[in-house]
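Have a look at the structure below before the remarks.
Each chain gets a letter, A, B, C and D, in the order it is written, and its residues are counted from 1.
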Amino acid sequence: MAKAPPPRTRIARSDATTVTIRGKSLMDDLIGKLSFTEMMYFLIKHRPPTPAETKVLDACLVTLMEHGFTPSSLVSRMVHDSVPDQVQVAMAAGLLTIGGVFVGTMEGCAKILKAGIEAGGDLDAYCTQVVREHIAARKPMPGFGHPFHKPDDPRPPRLFQVAESVGLNGPYVQLLHRLNGIVDREMGRHLTINATGAIGALMLEIGIPAEIMRAIAVVSRCGGLPGHILEEMEMPTARTLWALAEEHVPYEGV
Amino acid sequence: MAKAPPPRTRIARSDATTVTIRGKSLMDDLIGKLSFTEMMYFLIKHRPPTPAETKVLDACLVTLMEHGFTPSSLVSRMVHDSVPDQVQVAMAAGLLTIGGVFVGTMEGCAKILKAGIEAGGDLDAYCTQVVREHIAARKPMPGFGHPFHKPDDPRPPRLFQVAESVGLNGPYVQLLHRLNGIVDREMGRHLTINATGAIGALMLEIGIPAEIMRAIAVVSRCGGLPGHILEEMEMPTARTLWALAEEHVPYEGV
Amino acid sequence: MAKAPPPRTRIARSDATTVTIRGKSLMDDLIGKLSFTEMMYFLIKHRPPTPAETKVLDACLVTLMEHGFTPSSLVSRMVHDSVPDQVQVAMAAGLLTIGGVFVGTMEGCAKILKAGIEAGGDLDAYCTQVVREHIAARKPMPGFGHPFHKPDDPRPPRLFQVAESVGLNGPYVQLLHRLNGIVDREMGRHLTINATGAIGALMLEIGIPAEIMRAIAVVSRCGGLPGHILEEMEMPTARTLWALAEEHVPYEGV
Amino acid sequence: MAKAPPPRTRIARSDATTVTIRGKSLMDDLIGKLSFTEMMYFLIKHRPPTPAETKVLDACLVTLMEHGFTPSSLVSRMVHDSVPDQVQVAMAAGLLTIGGVFVGTMEGCAKILKAGIEAGGDLDAYCTQVVREHIAARKPMPGFGHPFHKPDDPRPPRLFQVAESVGLNGPYVQLLHRLNGIVDREMGRHLTINATGAIGALMLEIGIPAEIMRAIAVVSRCGGLPGHILEEMEMPTARTLWALAEEHVPYEGV
């Protein structure tokens, strides 16, 4: 086995008077020059995004930030009630829920799109094969369907519009639309492209690796939590949730 | 005791075809129109920020996003090694460290500044009293001093410059500078304004409540974690850290 | 400043064929010889507990393990619904709630008891002073009062009975009873000794430092979570809780 | 689709003067009568364990509680340094690491054992097929092999001895031994049964469902953390770990 290279980092170093981040001076090159979104992209890709890429990434981030009462916001609110003076604890607890069930699902769709583009060749045949494999394995198609938003999730069309407005509705977006048609044909009914499907395609267009997409969803949802924590401070709901659980989930004995 | 009002929320609701966030349509009014930073501010303040406020908030967020190996990035990397397929777990674990010891400390400084401005009157007398109370109680002055960045933290001057460039170096920033002089005089040595002190003042200038400032620090640091996770995927350090602990922290028996 | 001693550990080391824990062989001295409770005590105190100490510690642990729907079990259940294949995530999220508001409060009462015994002298005067200080500062007396269990928490009498049965109802338990009388006299109404007050006294009787008592409460509550997770797998409640939140906490707009 | 049954719980209820847990009175039937280990089993299985089952479960719990510096203890120590006054936060962060990579792996081995016993028939043929499938898929055999403990993990023989001493070395333990011989034959080299393999078999012997085994590993490891937290309070290592990371993982620029 080849020996592992010595561990090292390309991210940052600092001394008494400087902070260097990926070769740039934090003070001279980054603060006041990059937005949060541009800085996050820079930290992932080693270069700042173009204005078009920033537009698309901001649209993706804004889309996932807030969806009212969800597992992440409900858990954050309950934990805040228990640990009110350490808001990072409430936020971290809420973010633990961004898993494969809710929000953190763009990776699966992105991997299908990426493999299709890389394989080249007959995209209709590729899509048909992928969909049939999912049907045969009784697995849901990642990026399609939504429990509440029916018949169509209203967010993807707006996301595609933003991408088109800056010329970034490229091969991954096109393939997602093609896949959509074949999903409907093979399933024999209409399934919507959902927000995580659209975001998976858009993040590929701007060069975000599929492996790190869920991490970006976590950042997005994190940006919605200060608003929930502040509302919980001003008009609490956590004790109500507890009381509702006790009232509506009765003890029935062994 | 007055009966508590029935619980309610002002944040969001959705149905099959709409998502409404603080009275705005997610699709028509927010996606493609607000940046991540503007959306987070909107979720906290119920109105979008002005361009000047956005500039200052982005500068604050960029300042805290990345500082290389810190408790938050080291913990995230170690947890990622243990739970590699659930990146939200690594990120949440890292964010738990944003407490009163590191990063999450702007609240204390902001409360001192806010109380001073609200009290009005002789600000020199106010500052002198606050500093003397901290000296008497042997408590560090929040927002001052830094273990590595000496004699001066290089980040606050750049932050003040950004605020000044958009006319937001108002009363809280002025009071922080005044406090700085009195800290030095009363302590008999120079202490730097540190990044969290400057950010506390700037967030007050843009109307962010002190109680929620740590939550914004959490969002900022969260935005730095995808870069660390991706680097850990590509060139891991977690096992090295474990080996270093075993090598350098010997077992000495009971 | 004196130089810090080099870091070291007294807990454990292992090599290819041995595991040594605090000087004992895991295989020869611990597995099959100590119970979980005895082993935890051994890891804290560097010696196994006596049978009497084990009896008291088990009673404390059993008391806090399970109280039905609480923030810890509700949060664990909601997180399990989001991350069903990583049960440690649900459990960790639930344990984050064991803070100063619920369960993790024995430390405050224990510190009052410990300071009283260490000071010696007139214990009535000590108790009176402590209670009056809390009344003056409008702070609740730690270890007293309960929102649901009125007029008396049923758990402390049983805990005291167990301690008495093994001769461990010593000075801290006696002082807690004395304090109880003075709380009632000074408040002008009856407040119950609550479970965390009684447990704080009992843990002092068996030599557990106050600083680590909350950690033991976390272990106790952790022991109740497998039962909740298993029930959630078999008859889920998390989606019901979410639906109840949406139904009973309406959006009222900005 | 059949309507889901209304949500309910079989775990606990309480009122002002009683706490009922799975049909028993906490005060009359549980405190002072069950140990922590017996109570946890009772909460999972709806009946207390026999003395033999308790002996085996305690042996499993003691085996996993403590292994010195591991991801869980290192993460807990680092988080404790950042949030020193909320020990549950450090503990929860450490427990997040009990995933599929370390400690939380008994489930895989247990499922193989359970399926073999349920299938009945020729157990040698079953074992051979399972091992060959893992070899063909280049997947490690769960419950076998250890990075440090070579050639043999010293913990399983002691665990089997405890089980035998109380007559609980039944079909699952026998099948694990049979599997071990076939692993060696098919791999062409010796792989040790590791601690999680042995514990998986023992937990099946005492009726613990495979799905909840990782949760019990979490409880076990949780019981080791108070000792680490207390040691970190008395002789800290977290800052040393941070310094080691900075020293040994250099910044190499972009």
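Of note:
Throughout what follows, a contact is a pair of C-beta atoms (placed from the backbone, for glycine too) under 8 Å apart; a residue touches a chain by one contact, two chains touch by 3 or more.
Quick caveat, the model's predicted, so the values are computed rather than measured.
Centroid analysis (C-alpha atoms only) places B farthest from chain D. By number of C-beta pairs in contact, A-C leads when A-C and A-D are compared.
In the Cα superposition of chain C onto chain D, the rotation angle, rounded to steps of 5, is 180 degrees. Centroid to centroid, with C-alpha atoms defining each point, chain C and chain D lie 23 Å apart. Chain A and chain D have Cα centroids lying 32 Å from one another.
Each chain gets a centre from the mean of its Cα atoms; for chain A and chain C, those two points are 38 Å apart.
Residue positions 7-13, 68-69, 83, 86, 89, 92-93, 96-100, 237, 240, 248-249, 251 of chain A are each in touch with at least two other chains. By the touch criterion given at the top, residues 5, 7-19, 21, 26-28, 30-32, 34-37, 39-40, 43-44, 54-55, 58-59, 61-63, 65-69, 73, 86-89, 91-93, 95-100, 104, 148-150, 152, 154-155, 157-159, 161-162, 165, 209, 211-212, 214-216, 218-220, 222-231, 233, 235-237, 240 of chain B touch chain A in their complex.
Chain C meets chain B in the complex at residues 7-13, 20, 22-23, 46, 83, 86, 89, 248-254. Residues 68-71, 74-75, 78-79, 81-86, 89, 92-93, 96-102, 237-238, 240-242, 244-246, 248-249, 251 of chain D are the ones that touch chain B when the two sit in their complex.
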